[in-house]
Amino acid sequence: GARALTSAGVRLDLSGVYPPIATPFTEREDVDYDKLEHNLRKYAEIPFKGLVVQGSNGEYPYLTEEERVEVVKRVRRSMPADKLLIAGSGCESTRATLELTAKMAAAGADAVLVVTPCFYKGKMDSHALVQHFTKVADGSEVPLILYSVPANTGLELPLDAVVRLSQHPNIVGLKDSGGDITTMGLIVHKTKDQDFQVLAGSAGFLMAAYCVGAVGGVCALANILGKPLCDLARLCTSGRWEQARELQQRLIEPNAAVTRKLGVPALKQAMDWFGFHGGVCRSPLRPLDQEQTQQLRRDFASNGWL
Amino acid sequence: GARALTSAGVRLDLSGVYPPIATPFTEREDVDYDKLEHNLRKYAEIPFKGLVVQGSNGEYPYLTEEERVEVVKRVRRSMPADKLLIAGSGCESTRATLELTAKMAAAGADAVLVVTPCFYKGKMDSHALVQHFTKVADGSEVPLILYSVPANTGLELPLDAVVRLSQHPNIVGLKDSGGDITTMGLIVHKTKDQDFQVLAGSAGFLMAAYCVGAVGGVCALANILGKPLCDLARLCTSGRWEQARELQQRLIEPNAAVTRKLGVPALKQAMDWFGFHGGVCRSPLRPLDQEQTQQLRRDFASNGWL
Amino acid sequence: GARALTSAGVRLDLSGVYPPIATPFTEREDVDYDKLEHNLRKYAEIPFKGLVVQGSNGEYPYLTEEERVEVVKRVRRSMPADKLLIAGSGCESTRATLELTAKMAAAGADAVLVVTPCFYKGKMDSHALVQHFTKVADGSEVPLILYSVPANTGLELPLDAVVRLSQHPNIVGLKDSGGDITTMGLIVHKTKDQDFQVLAGSAGFLMAAYCVGAVGGVCALANILGKPLCDLARLCTSGRWEQARELQQRLIEPNAAVTRKLGVPALKQAMDWFGFHGGVCRSPLRPLDQEQTQQLRRDFASNGWL
Amino acid sequence: GARALTSAGVRLDLSGVYPPIATPFTEREDVDYDKLEHNLRKYAEIPFKGLVVQGSNGEYPYLTEEERVEVVKRVRRSMPADKLLIAGSGCESTRATLELTAKMAAAGADAVLVVTPCFYKGKMDSHALVQHFTKVADGSEVPLILYSVPANTGLELPLDAVVRLSQHPNIVGLKDSGGDITTMGLIVHKTKDQDFQVLAGSAGFLMAAYCVGAVGGVCALANILGKPLCDLARLCTSGRWEQARELQQRLIEPNAAVTRKLGVPALKQAMDWFGFHGGVCRSPLRPLDQEQTQQLRRDFASNGWL
C-alpha cells in the first residue's frame, strides 16, 4: 500500500465533493482550453475536494489520447495545489489502460479513475475484471479508484470483485454511478477493514450514499450547482439530516435532467446559464432541441435554482 | 378523502414496520391455518405497526380467491385489534380487483395493497395505471396503498402516475419494492403536500428509505428478524444514524438471501430456523437444495444472526 | 404417449395456422357470446387448422375461471368438429393449472396450451419449469403444448427445459412467441427424434419459422388476416419461398401493430374494420386514442390491406 | 451514389460469406503478423466473398489506431485482389470515425464497416445516429456498411434510421448481428427500392436471413468452418432449403459457443483445433478454463465437426 500513501505516509483521503468536469469545445469541436481555464477559475472558489477529469461527463470517449493527457496537464497547472486531481485513464484493453495511467500520473494526477472495460461484456466476469484492475493497480504510480457506470457501460462491477479489489494496497476506492443503495451499503460493510472509500457517482443519491457510509461524491451536477452540493455534503457529515433532506430533494430533478434524461448536452446548456462555459458537445452528441431546453429549464426553475 | 380517515377523522397513519407474512402450507400444499396461528402469536410480541397479508411473500398468486380472503379473516381474528391489517387485493383486471378489494374490506382489512397489473406490460402506461388505481380507490371502502414490485411484475409504477394518484383522497401511500432511492426521494418530495406515505418494500434499503423521507417498511425479512427491524426503524426515527447504519449493514445479506437471491423458499427455510413455521411452498416453487441451504445459513451466520 | 395419440393411434398433428381468438365484451365489459358466435362463423370459412382459445390475445388473465371454461364450451359447440380446439389452461400454481386443464378437457379442448408461470421469475429455472410442466402433462387427459411468451411473462422457457420436456409422451409441441429464430432452429434440431412440433407464436416470423422447421403458427394477426396467413403457410410448405417472402413482408407491420406496438386494443380495433367483432377490452386495457388509431390504419394501408 | 459504384459503374455487390477475422497475438500480446499471414493463406482457398477486418471478433477495441490500420494493410497485401476487404472504422466520435475511415480507404479497404457509437447510449437516438452515419458516409472515399451489434454495444440501430440511411448513395448495406428476424425482414422490405444489402451478422441465423431476403453473412464461425458456411449460403441461394436446414442446424451450437456463450477466446481456441492460428486474446479477455474448453469441444463434436 506504499503507493496509495501520501508523502506523509497517510492513505489518500478522498472524502468530499468533486465535479467530473465537462470539456468545452469550440464551434469546430476542438478542445477550447481558454474556456476550460475560465471554468477552473470559478471552480477554485468552491470548496470542492478536487476535480475529476475525463469522467463520463468529460466526453472522454470522444477525445484522442493526446487530448485526454493535455487536458489533465492544463487542469493540473491551473487548479490549486491542495486540491486532488483525479484523472480517468480507463481503456478497453489492459495494456492501453496501463499506458494511459502512466501518462496521467506524469501529467500530475493524484489518482486515476478506471472504468470497467465493457465491449466484450459477456466475458467481463469477476475473474476478468479483478485481473484487469489488479494489473493496472500493480503498475500504477498513483492510487487507483474503481469506476462503475452501468448506464454507459451496460455492466455492473460485481460486489465480490469490489471486495476482492479493495484489498489491493493501491486501490483506494470506488466511484459508484449505478445507484443501487443496498449494494452500496453492502460494499461499505464488506470493505470496512480495508479503509476503502466509496464515492457516490451522482447527486441524486448523494445524501442516501452518505447515510449508508459513502465519504463523498463525484457529481455531474457539481459542474453547475457546486456550492449547494458541498453544502449538502457538509450537512450530511455533520448529522443535520433534516436540512440535508430538504436540500437533497431540490437537487434530484436538476440532476436527473443533466444526466439520465438529457445527458451531457443538457449539462453544458445549464453550465451556460450559471456562468460557466458549457457550449457544444462533440458529434454524434447533439445540442438540445427547444422542447428539451424548456424541460431542462423547468427542472431547475421548479426547484428554485433559476 | 373521508374514507381514508379513521373513525376519529384522522388520516390512516402507516408509519412503522410490517412483515408481509408468509402462508404456511401442509405437506400436501393446503393452507395450514394452525401454523399460521402459531406465527401470528409470535408476531404479536413484536412491535410491528401491523401485518401485510397477501404480499408477494404470501404466495398470493398461488392462492385461490377463497383462500386469499379466508387467510385475511383468520389473521384479523388472531391479531391484536390495535395493529393494522393491510391486505393485498390486486388482480390483473380492474373488475376483479374491485371485487376482491370489497371482500378484503369485509374480511377486516384496514387498508388494501394493490399491485400494478402487469401481464400486458406494454400497455400499462401511466394513463392506464392511473385509471386502474383510481377506479379501485373510488370503489374501495378502505384506504388503498399502491404497490410497485418490478422484480416480480417487470413493471415500474411511473413517477408521474404516483404523483397523480397521491392526490386521490382514498390513496394513502406506496409500497416501493423497486429500491431506486433517488426516485423514492423524489416521490417524497413531489407528494409532500399530499400527506402521502412511502413504505420501503425491502429491508435492504430501509435505513436509506427513512433517510430520504419514507415512514416505514414492509420487509420480507421481518418474518424472521422482526425485532431487529423494528429496532432499526426506531434508530432511524430517533436520529441515531450511526447505530442504525451498523444494524442496517448486518441485515443486507440475510435480506438479499430471502428475497432476490433465493426467494420465498429461503424465507420459509429461515423462518423454521428462527422458531416460526415456514415449511414448503406451493409448486412450482421448490425447496432449496443443499448448497442453497448452506448459502442461506452463511448469509445469516456471517452477520451474527445464527 | 397414449394420451397424445388420437383415437386412431396417431400422434396429434398440430401443423397449420391458428388464430388465438379475441374475447368480445359488451360495453359493460361482460363476455359477449353473441359476438363471439359471429366471429366463429366467419373463422369457419377460413382454412385454419383450428382455434386457440385463451391465448394472450384472449385477455385470459382478465377472465374468471368460470368465464375461461365457458368460452371454451361455446367455441367447441360452434366450431367445425374436424378443427382442433386448443385451450389455454396455464395458471401460476401447478395445482390450479392441473384443475383448469381438467376442466378444459371436459369442455371439449383437443389439447391445452400451458404458459410458463412467471410471477416468481427469479425462481422459475429449468428445474422448476420441467417439474411444473411434467406434473401437468402427467395429469392431463389431453396433449399439452408448451407456451413461451417473454413479452408478457418476462421469462424465456430455456432450451434445455424444452428438450427435456419434448420427451414427455403427453407434450406434443411448443408455441414460441419469443421469436429468436436461432433458438427456434435449435429446438427443432434437438427434438428431431421426438416428433415434437414447434408453432411460431407470431405472424412476423412465420415464414422464417417454417424455414427452420416449424410446422405452423398461432398468430394474433390471424384474427384479422386469416386467409393471407393460411396462404403464407401453404406457400412455405410447398416450397414457393419467393412468393412467400413477398407476402410475409406485407404482414410484418400489420402484425407488429396489433401485437408489440399497440396490443390487444389494436387487434380488436382492426377486427372491427375487417368485419369481425372486436370492440372494447376489459379495463385496465384502454381503447386506442386517435393518433394510435391512425397509426394502426397506416400500418395496414401502407401494406395494401386497407 | 457515384462513390458506391465500382470503377465499372456498378454498385458494390456484397453478396456472400465473410469471416470477420480474428487478430492473432504473440504470447506477449503483440499483433502476430506471421500467424495472420498463415490464416490468410488458408482463407484464400475458401470461396469467401471477402474478409471483414476489425469486426468485433478482431478485438478492435483492444488495438491502437496504428495497429488497426496496419492489420488492414497487411491483409490487403496478402489477400486475392478479387476479394472484398471490408474494414471496421467505427469510433465513438464522428471526427475520429471520419479520420479512421480515410485511413482504412488508403490502406486498401473496399468498404468500411461502421459500428453504432454507444457510450452515451441514452442520447444515441435515430436523429443522432442518422447524422453520425451521414457525415461519415459523406466524407468516405469508399462505400459504408452500417453495423449493429447490440450484444456488445447495448444499442439497436433503429429501423427508421436504417431506412433513412439506406437512401444515402454511399451507404450500401447493413451487418445486423442483433438477429431479430422479423426486423430483418422488415428492413429488406422497406429498403427494397434502394438496392440496400443486408448481411446476417451471425451464422446462427444465416439461413433464416437468406430466407427473408439477406444477401450474405459476416459470421465469426467462418473463421473456423468457412467451407460449410459457404456451402450453406449456396444451398440457400439455389433454393435447396431442405439440405440447407440440415446443415444450418448443425452450425447453431458451434456458432453459439464461439460467440454468445464463450466469446472470442473460444473462437481462437477452436481455430487452433481446425488448423488456423488462434492463440491468446489481449487482456482483459482471458483464455477458456478447462470446463469451458470441454464444453466448446462438445458443441463442435456433438454436431459432427470434431
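For reference, chains read A, B, C and D in written order, and residue numbers begin at 1 within each chain.
In this text, a contact is a pair of C-beta atoms (placed from the backbone, for glycine too) under 8 Å apart; a residue touches a chain by one contact, two chains touch by 3 or more.
Worth saying up front: this structure is predicted, and the values here are computed from it rather than measured.
Note on connectivity: the fewest chain-to-chain touch steps from chain A to chain C number 2. Common neighbours of chain B and chain C: there are none. With each centre defined as the average position of its C-alpha atoms, the distance from chain A to chain B rounds to 36 Å.
The centroid of the Cα atoms in chain B and the matching centroid in chain D are 50 Å apart. Residues of chain A found to touch two or more other chains are absent. Judged by the touch criterion defined above, the protein chains form a single closed ring in which each chain touches exactly two others. Residues 179-182, 185-186, 188-189, 202, 204-205, 207-208, 211-213, 239, 241, 245, 248-250, 252-253, 256 of chain A are the ones that touch chain B when the two sit in their complex. By the touch criterion stated above, chain B contacts chain C in their complex at residues 29, 56, 61-62, 64, 92-96, 117, 119-124, 127-129, 131-132, 135, 151-152, 154, 260, 263-265, 282-286.
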